[in-house]
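In order of appearance the chains are A, B, C and D, and numbering begins at 1 in each one.
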Amino acid sequence: MHTLIVIDRLPYGDWHGREALDMAFSLAAFDRPVTLLFRGAGVNWLRPGQSADQLSQKSVERNLSAATIFGVSALLADKAALRQYRLSSDQLSQSASETDLTPAFYKQFDAVVVL
Amino acid sequence: MAMPVPQRNNEGFLENADEWSPSVAINIAAESEILLTGKHWEIIELLRQFYKQYEISPPSNRLFVKAVKEQLGEIKGNSIYLMQLFPGTPAKTACRIAGLPRPTNCL
Amino acid sequence: MPTLHIINKAPDHPRFPACLRALAEDDTLVLIENAVMALVFESLPLPPCYALRADVNARALSESSVTGVKMIGYAGLVVLTETHQRVMNW
Amino acid sequence: MTRSPALSYTLVISGAPYTSQAPQSALAFAKALISGGHKLDRVFLYGDGVYLASSLVTPPSDEVNWTQLWSEFLMQTRTPAVACIASALRRGILDSAEQTRYEQPASNIAEPFEMAGLGDWVEATMTSSRILYFLPTD
């Protein structure tokens, strides 16, 4: 059973993405296959060079980079949203593959979770 | 004997991570009757490096084992090896000695 | 596998178009909570779907105003989760 | 009448009471699924959903107390309900064990809610036939 965890909100403004990331980490901890998708405004999680110390928050860029160590299978990024937010896939902070969000894309996963 | 003992919480974790030093680690370990060897220091260094790089400690014991496995291979990245070095819950014991925050018990 | 999509976001929330784009031919869409406002939202290409009656009534939307939208209660929503093995919440 | 065989459900609530409709929609759905002959395996509170487990929720007397309604329902149906420990601690929801652990002045989790980790949710993804998420509306 392969789960897709979706992050579709901006980093730092709220805690949804962090708590979604925790879900991905726990699936990985129990060796359940899990993929992370950054959709819509969520692609800004992948913007390189974040420095959140003036907000007294941890850098989601750094937290996220632990994903592959913990066994998250893949990071995917919404192709249209990358363009919208002027991000090119070769400049992202993590290696994430561009994805077209078609109905068939979602059907590859047994479960899709977004907070 | 002058033992550096910075302020710690009720479970023995440092209140202020900046006060950590190798001699602090030796003393915290001694409380649990652990004599730190090169094998221990290898894991302590790995954990501290991990925290510096990712700004989190491994959020569960399972992920602690995975993180060690990822970097040092299967012989060290398994729960029996880590349990022998850091008895109890290895992630918790090792984080305490390495001066990292108390894990949330999330998993 | 046919998927049941349950959305609770208002039609001007970014998740609404994302949900509509994810709908496959054989999927089913249910509007609950704020999403029922899609019944009156201008120029939204709303596919045939279900809407939760309690949420529709609370927001003073006429049950009969939109063709292609079937009103259901919570029991009806349970039946839809029986017949769809896969459920996605939006 | 042919009915599909009984299913087991886990309901995840991640919207807070009085901020979102999530706890009320989830309760109406929970009652309907039990009336439909199905089993509610567990309720899992996550994110802002953990506020539902606060025993200190005190709405005006002419408004519904969602914590109380949920507590009654959970006890009547003997349904296990857990608040994610990491979400709960951040938001000031503690049971007596965590109160002691973190040396806090009080605990405030409402009966019969318990604290548990995301491991419970992972288990639910493997064992329940359906998982539904009751999310914030914004």
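We adopt the following convention: a residue touches a chain if its C-beta (ideal position, glycine included) is under 8 Å from a C-beta of that chain, and two chains touch if they have at least 3 such contacts.
Quick caveat, the model's predicted, so the values are computed rather than measured.
When the partners of chain B are compared with those of chain C, the chains appearing in both lists are A, D.
Where touching is counted per the definition, the chains common to chain A and chain C are D.
Of the two interfaces, A-D and B-D, the higher number of touching C-beta pairs belongs to A-D. In whole angstrom, the spacing between the mean C-alpha positions of chain A and chain B is 28. If you average the Cα atoms of chain B and of chain D, the two centres end up 34 Å apart.
Here the CA centre of chain C is 24 Å from the CA centre of chain D. Those residues of chain B in touch with two or more other chains are numbered 60, 106-107.
Of all residues in chain C, those that touch two or more other chains are 89-90.
Chain D has residues 86, 117-119, 131, 133, 135 in contact with two or more other chains. Viewed as a network of touching protein chains, the structure does not reduce to a path, ring, star or complete graph. Across the assembly, chains come into contact as A-B, A-C, A-D, B-D, C-D.
Here chain C touches chain A in the complex through residues 1, 3, 14-15, 18, 21-25, 27, 86, 88-90, going by the rule given at the top.
Contact residues on chain B toward chain A in their complex (touch as defined above): 50, 53-56, 58-60, 62-63, 66-67, 70-71, 106-107. Contact residues of chain C toward chain D in the complex are 6, 8-10, 13, 32-34, 54, 73-75, 77-79, 81-83, 87, 89-90. Chain A makes touch with chain D in their complex at residues 1, 3, 15-16, 19, 22-23, 26-27, 29-30, 32, 111, 113-115. Across the complex, chain C is touched by residues 4, 7, 9, 21-22, 25, 28-29, 31-33, 35-36, 38, 130-135, 137-138 of chain D.
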